[in-house]
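The two complexes that follow have subunit A in common; it is paired with subunit B in the first and with subunit C in the second.
Up next, the complex of A and B:
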C-alpha cells in the first residue's frame, strides 16, 4: 500500500515539474513587465504542433532533431508577440495590454486550428510498458520530462546567478527605469526574457504532447495550472513558480487516493485558496522581481 | 420609398399565395451544414432528401408536394437555437427535425416544447432527451438502452466484480447509473466507481486507484480522446484487465491514438440488420440517387425519420402540431423502417438491438 502512495507522489512530481516549466515563463514576464500574458499557453501549443510538423512527412525529421526548428520558431513567435503587440503597448493602460494578450491567444490558437484542424493528433511513438523501479512504474517519457525540468531549471539558476546577463535581468525586474539609467541594455534583457519564456513553454508543450496527445486547447487548459503555480509561489518569483507547480502537481495526485478523482482540481485549488488567505503574497512573499 | 414598401408587400403576398396554391406541405430541419459537424450534416441532408424524393414520387402528402426547409446551425447550440426560432416563428412549421449532437438537441428541445412544435431527432443519444417533453421524439435509441447493453455484455463475459469509470458529464453519469442498476440487479458487484474529467491529459492517478482494487475487468464509459488516453496510460502502468466500453468510443481514431493498448477492448453499439427488405430497398435507392457514394453515418436513421413523418402527415386530421403528434404515435406502432422497429414509447423513444465490437489487430470488428 505504501508503494501506492509513493507512486502517486511520483506522478505528482512529474506532473508538477511540467506545470513549473509552464509557470516559470509567466512568472518572468510578470516580474519584469508587470502583466499576465494570456497568450503564454499558445507558446506551449505551438511548440508541440511545430514539432509534429517537422517530424511528419514533408520534413520527416527524427523527433530529436524536429525539436530544434520547432523551438526556434516558438521563440520567434514569442519575440514577435513582444515586438508587434506588447512593446507598442508598454506605456499604455495595463488593461489594454491584458486584453491584447487575450486577443493574441485566440489568434494563435485559431491559426493552429486552421493549419492542423481541431481533431486530436499524436506523435507516432511505439507504446511500451513503463519501467519498474522498486515497484514504481515510470515511463521513459516521464523520465525525460523530469530530467528536462531539472536541466532547464539548472541552466536558469546558473544564468540568473552567475552571469552578467542574469544579474541585469534581476536588476531590471527590480526597477526598470533605474536599471536603464545605470546603463543596462534593455533590449537585450527584454529579448532574453521572451526567449526564456518561449523555450520553457515550448519544451514543456513538446514533453506533454509526447506523453499524451496534441490538441489546440492543450496550452489553454494548462495555463490555469500555471497561473495557480505563479500565484502560489508569489507573483514574479521564478523559484516560487517551481515550488508552486510541484505543490499543485503533488496535491492533486495524492488527493486521488482519498476523494473522487474528478475533484482533484478542487483539492489543489482549495489548498491554494487557504494558503493565500494566510500568505496573500504567496509562499515566497515578495513584491515582485525575478529572484 | 412608398413604391418600395408596396412592391415588397406584394412580393410577400405573392409568395404566400404561391406556397398555398402550389400545394406544398413543409417541415423544418436544423442541420449542421457548416462548422465542425458539417462533414456529417451533408450526409444527413442527402438521406433526408432521398426520402423526400420517394415520398413525392409516390404522390406526396394528400396530393401536396412534401418539402423540408433546411436551416444551418453552424454545428453549435447557439446556431441551433437561432435556426429553430426562425423555423417556428417565421416559417411557422409544426414539425422540425432536430440537430445532431445531444448538447445541440438539448438546447433546442425546451423551445420546441414551449411552442408546441414537434421535434424529431435522428442521431442524439443522451438519456436526458427522454425527459424533454411530450412534443419531442427520436428514432435513435437512448443511451439508457446502451447502459443495459453494457451490463448484459459484462454478465455474458462472466465478470462478477468490476471497476466502473465514466466521463463526468450528463451523458456519462446517466449511462453509468443505468449500468450500475442493471449490473447489480443481475448479481454483479462494483468494487470501485470513479468518474474521470472530460478532456484531461493525465489519468495516471485514476488508473492507479483502479489498479489498487485488482479488478479483472473495467467498465469505461467514455469518449474517444479520454478513452484513448486512459487505455494508453493504463498499458504503460502495467494494468492488465479486460476493458469494456460503449459505442461513443467505437472509432478508428481510438485505435490510432491508443495503438496496441486498445487491442482486445470489447464494447457495445446500437445496430440493425442489413438483411431486411427495408434496408435493401433503401440501399438500392441510395445507390441510384448517389452513385458511388457510401451511405453516411446515421443516414438510415434520417431516412426513417422522414418516412415516418410523411406517414404521420398522411394520416393526421389536420396540419396542426397536436394532430400530427397523435398521428405520429399511431403510425409508429409496429412501423419497421430500415433501422428496425420505430414504435415510440410514452417518452418518444424507440427500442434497439445492440451489437458487440472489439479491436483485433488494429481493426474494429464484430465481437463473436
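Up next, the complex of A and C:
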C-alpha cells in the first residue's frame, strides 16, 4: 500500500517540477514589473505547438532539433509581448495592463486555434514502456522532465547568484527605480527577464506536451497552477515559486488517493483561496508585491 | 426578423450582465475576472427551480437572491485582498464554480447540462414568443439601468468612486470600505444572476461550457469597449460586441473555412482589448471628471 503513495508522490514531483518551471517566469515578471501576466500561459502553449510544427512534415526536424527554433520563436513572442503591449503600458494604471494581458492571452490562444485547430494533438512518439524502479512506474519522458527541470533551475541559480547580470536582475526586482539610478541597464535586464520567462514556459510546455498532449487550453489550465505556486512562494520570489510548484504538484497527486479525480484541480484552486486569505504574502512571508 | 429579435434579446441580456460587472470593475475598481460565476449560478438556480415546478418569476427572484448570497459569501474572504490578488481570487472562483457545474452530476446534470428549461407561460415557447421575450428582456435591462444609475449617482455611488481612486482617502473620510465593497459585490452578483436567469430561460438549455473564461472575456470586453465607470457605456459595449459577433456570420465564407471563424472572432476580441488599453483605456464613452479635465 505504501508503494501506492510513493508512486503518487513521484507523479507529484514530476508534475510539480513542470509547474515550477511555469511559475518561475510568472514570479520573475511579477517581481520586476508588478503585474500578473495572464498571457504567460500562452508561451507554454506556443512552445509546445511550435515544436509540433517543426517536427511534423513540412519541416520534419527530429524532435530534439525542433525544440531549438520553437524556443527561439517563443522567446520572440515573449519579447514582442513586452515591446508592443507591456512597455507602452508600463506607466498607465494597473488595471489597464491586467486587462491588456488578458486580451493578449486570448489573442494568442485563438491564433493557435486558427493554425492548428481546437482538437487534442500528440507528438507521434513510439510508445515506450515505463521503467520500473522498486515497484514505481516512471516513463523516460518523465525522467527527461525532471532532469530538464533540474538543469534549468541549476542554470538559473548560477545565473542569478554568480553573474553580474543576475546581480542586476535581483537588484531591479528589489527596487526598479533605485537600480536604474545606479546605472543598471534596464533594457538589458527587462529583455533578460522576458527571455528567461519565455524559455522556462516554452520548454515546460514542450515537456508537458511530450508527456501528455497538446491542446489550446493547456496554457491557461497550467497558468492557474502557476498562479497557485507563485502565491504559495510569495509573489515575486523565484525560489518560493519553485517550492510552491513542487508543493502544488505533490498535493494534487496525493489528493487523488482521497478525493474524486474530477476534483483534482480543486486542490490548486482551494490552495490559492486559503493562501490568499491567511497568508497573502506566501508561506515564506516575503514582504512586498501587494499593490 | 426573428433573427433580429434573437440578437436584440442577447444584446439586452448581455447589457444587464455588463452593467453589473461595470458596477464592480468600473465604479468601484474591483478587478472581478470571475463575474461569469454569478451569471452561471443565476442561470443554474433559476433553471433548476423552474424545472422543479417553481413558477418562473419566483424562480428568477430566487436565482437573483442565491446569486446575491453567494456573492456576499464570496466577498467576505475575497475582499481581504486587494488589487491583483482579488483578480486572481475571482478568476479562480469562476473556475471552481465551473468545476462544480461540471462534476455535481446529480444536481446540475454534469457536462450534459440541463435541457428543456421553460419560458414564462405568458410568453409561450418557440419562435412566436420572441417579440414578447424581447419586451420582457427590455424591461429587465431598463430596470437594471435605472436602478444602477440611481445607485451610482447617489452619495453611495460617489463613495464607490472614491474607493476606486484611493481607498485610504475613503477610509479617512469615515467610510467603511469593506462594507461598501461587500454591498457592491452583492448588488453586482444579483444583477449578474438576473442576466444568467434570463439567459437560461431564453436559451432553454444550459451546460457548464456556457460559463467559462470565454464569456468572462466577452463581458469584460463589453465593459471596457463601452466605457467603464459610465452608466451607458456597458450597454453600448454589449450591443457593439454582440452585433459584431453575429455580423461575422454573414460574411460569405467558403464552407471549408467555417472552422476558422470562431478563432478569428476570438483574435479580434483579444486584439480590441489590447488596442483599447493602449489607445483609449476609457472606452467609447469616457467618464465625466469634473475635477481633472486635463487628465481625463
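Of note:
Methods note: the second predicted complex is superposed on the first by the 275 of 291 C-alpha atoms of A that agree within 3 Å, B and C clash if a C-alpha of one lies under 4 Å from a C-alpha of the other, contacts with A are read in each partner's own complex, and residues count from 1 in each chain.
Heads up, the rule we're going with is that a residue touches a chain if its C-beta (ideal position, glycine included) is under 8 Å from a C-beta of that chain, and two chains touch if they have at least 3 such contacts.
For clarity, every value in this text was computed on a predicted model and none was experimentally measured.
Subunit B and subunit C, once both complexes are superposed via subunit A, clash.
Of the two partner chains, subunit C is the only one touched by A:110; subunit B is not. When both complexes are overlaid on chain A, the residue A:35 reaches subunit C alone and has no touch with subunit B.
Applying the stated contact rule after C-alpha superposition, one finds that A:260 touches each of subunit B and subunit C. By the touch criterion stated above, A:100 is placed in contact with subunit C alone, subunit B being left untouched.
Touched residues of subunit A were counted for both subunit B and subunit C, and C has more of them.
In the superposition on chain A, A:269 contacts subunit C only, with no contact to subunit B. Of the two partner chains placed by superposition, only subunit C is touched by A:88; subunit B is not. After superposition on chain A, the stretch of subunit C whose C-alpha atoms clash with subunit B is 110-118, while the remaining options among 110-118, 146-154 or 218-226 stay clear.
Annotation: subunit A residues 118, 260, 262, 265 touch subunit B in one complex and subunit C in the other.
Of all residues in subunit B, those touching subunit A in their complex are 36, 168, 194-197, 199, 201-206, 208-209, 212, 224-225, 228-229, 232, 235-238, 253, 256-261. Partner subunit B is touched in their complex by these residues of subunit A: 1, 4, 7-8, 11-12, 15, 118-120, 122, 126-130, 132, 137, 139, 208, 211-213, 215, 217-218, 221, 252-253, 256-257, 260-262, 264-265.
On the subunit C side of its complex with subunit A, the touching residues are 25, 29, 31, 33, 77-78, 80-85, 87-89, 91-93, 95-96, 99, 102-103, 213, 217, 220-221, 224, 259-260, 262-267, 269-274, 276-278, 281.
Interface residues of subunit A facing subunit C in the complex, by the touch rule stated above, are 35-36, 85, 88-89, 92-100, 102-111, 113-114, 117-118, 220, 224, 227, 231, 260, 262-263, 265-266, 269-270, 272-273, 276-277, 280, 290-291.
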